[in-house]
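To keep things simple, chains are lettered A, B, C and D as they appear, and every chain counts its residues starting from 1.
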């Protein structure tokens, strides 16, 4: 099994008075990594999906463990695997780690949606293989 | 059983190109409602906890169902109940609804933490009763 | 001369590690006050302008003095006056103050824009009088 | 004269329902570029300044022209020059451009501040030369 990896930077405007990342900012990181995954791993710029193909991936469920705080100046590694691949739904798992120590473990389920009708639609086949490529062994 | 209720406003800067609330903003709403809960229900301003009592409540776990999108201009009702009350840990449940239709169901677990040592500390007794007051029946 | 007044709340997620409001958040406050102005003073909900009337007010110029920091827990008073009222352009001035001490003085110029063509369009007459009502004496 | 250049990415969560960058997000970009400038041009990570040297650079004045909208998926080039270099104050100018077309021209004045006393302090000499290196001709 393979995974998609990238890195994140905890900036000044992301941390709270205790110097640790305010948790809603961690969801911004998750979305940022998701956009990188589409562009660099799947091979399509995320905005093209929305503006040209008129499909989107609204989040329907998230479950997150915050194991260790991220601090101002940290540059955690982000690692994404696919934990579920249905007809329309995609479950992705994001690990953010600092020097091998896990900080965040986020499981996010999105559903491929036709933005014209706002109903679910099958994940196009040409994308499916790219998610298979980062699938976690069962 | 009782609950704490307040309302949220989905503003211009919170919505994405599809006109629906970008999900990291929904976590901003959850924190905003949490600050309101401390001030109006528990009876202490949240910043006093941090700056004067030197305790904080880092999030350790979240599990959220996004059932229906929030759109620009919506003013969902937020309803908070307590689903777990341990020695240090507090589990709160946030329902955001529009005219009775549930949009978001978020369960958030935080741990009362001594900010000087960054270790867990018992929830002060004078706060406990206020969380009991919004406890869900088992 | 009159002014539109409201208040702002400096929340946990808005402040930086030094405990003062991160300046991009201050521009969020300005937009929040602007939305309140439309709703409570002009008498139209801002999202109706965009979604139904298909006009918007992109910012073309801003000039801001940051005189005194806003801190976590502060609740500054916001006061808005109109400093320029052209055919399409509106210049608004936002003062944020804590107990009479000025913290922020922001002058923001927006242009009434037809969102279908993205070109300037005259400010509708029924709105003009409401901006005249908060106009600063020359 | 030289300038510091980097690039920005207009992400999904930064744009409003009209598909253009919500202006407070543009100030996030300015701060992001500023952090890059410190790290890659001046040669010190911004968080080290704050946490170790205990100096900061609060913004005292900003003046910004928004000439052309930034849209979802855009990757403007950012170019920074120094327009003022006083004992403690630094005036920086940020140009954001798309294929040579200027979108944003922001002049931001910050003051070197001792975070222990919150009073202005001279810009350390070892940093001064790096700002001279990107100084605009008068």
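Things worth noting here:
Here is the rule we use: a residue touches a chain if its C-beta (ideal position, glycine included) is under 8 Å from a C-beta of that chain, and two chains touch if they have at least 3 such contacts.
It should be emphasised that the depicted structure is a prediction, and the values quoted were computed from it without experimental measurement.
By the residue-number overlap criterion, the interface of subunit C with subunit D counts as same, with over half of its numbers used by both chains. The most distant chain from subunit B, with centres taken as the mean of CA atoms, is D.
Comparing chain pairs A-D and A-B by the number of C-beta pairs in contact, the larger count belongs to A-B.
Remark: subunit A and subunit D have CA centroids separated by 29 Å (rounded to whole angstrom). Put simply, the C-alpha centre of subunit A and that of subunit B have 23 angstrom between them.
Each of the following residues of subunit A touches two or more other chains: 12-13, 17, 19, 22, 24-25, 28, 31, 50-51, 72. Chain contact topology: the protein chains form a complete graph, every chain touching every other one. Residue ranges of subunit B in contact with subunit C, taken from their complex: 11-13, 19, 28, 31-32, 35, 45-48, 50-51, 72-73.
Residues of subunit A that touch subunit B in their complex: 17-18, 20, 22-25, 27-28, 30-31, 50-51, 56, 58-67, 69, 115.
Residues 12-13, 15-17, 19, 22, 24-25, 72 of subunit C are the ones touching subunit A in the complex.
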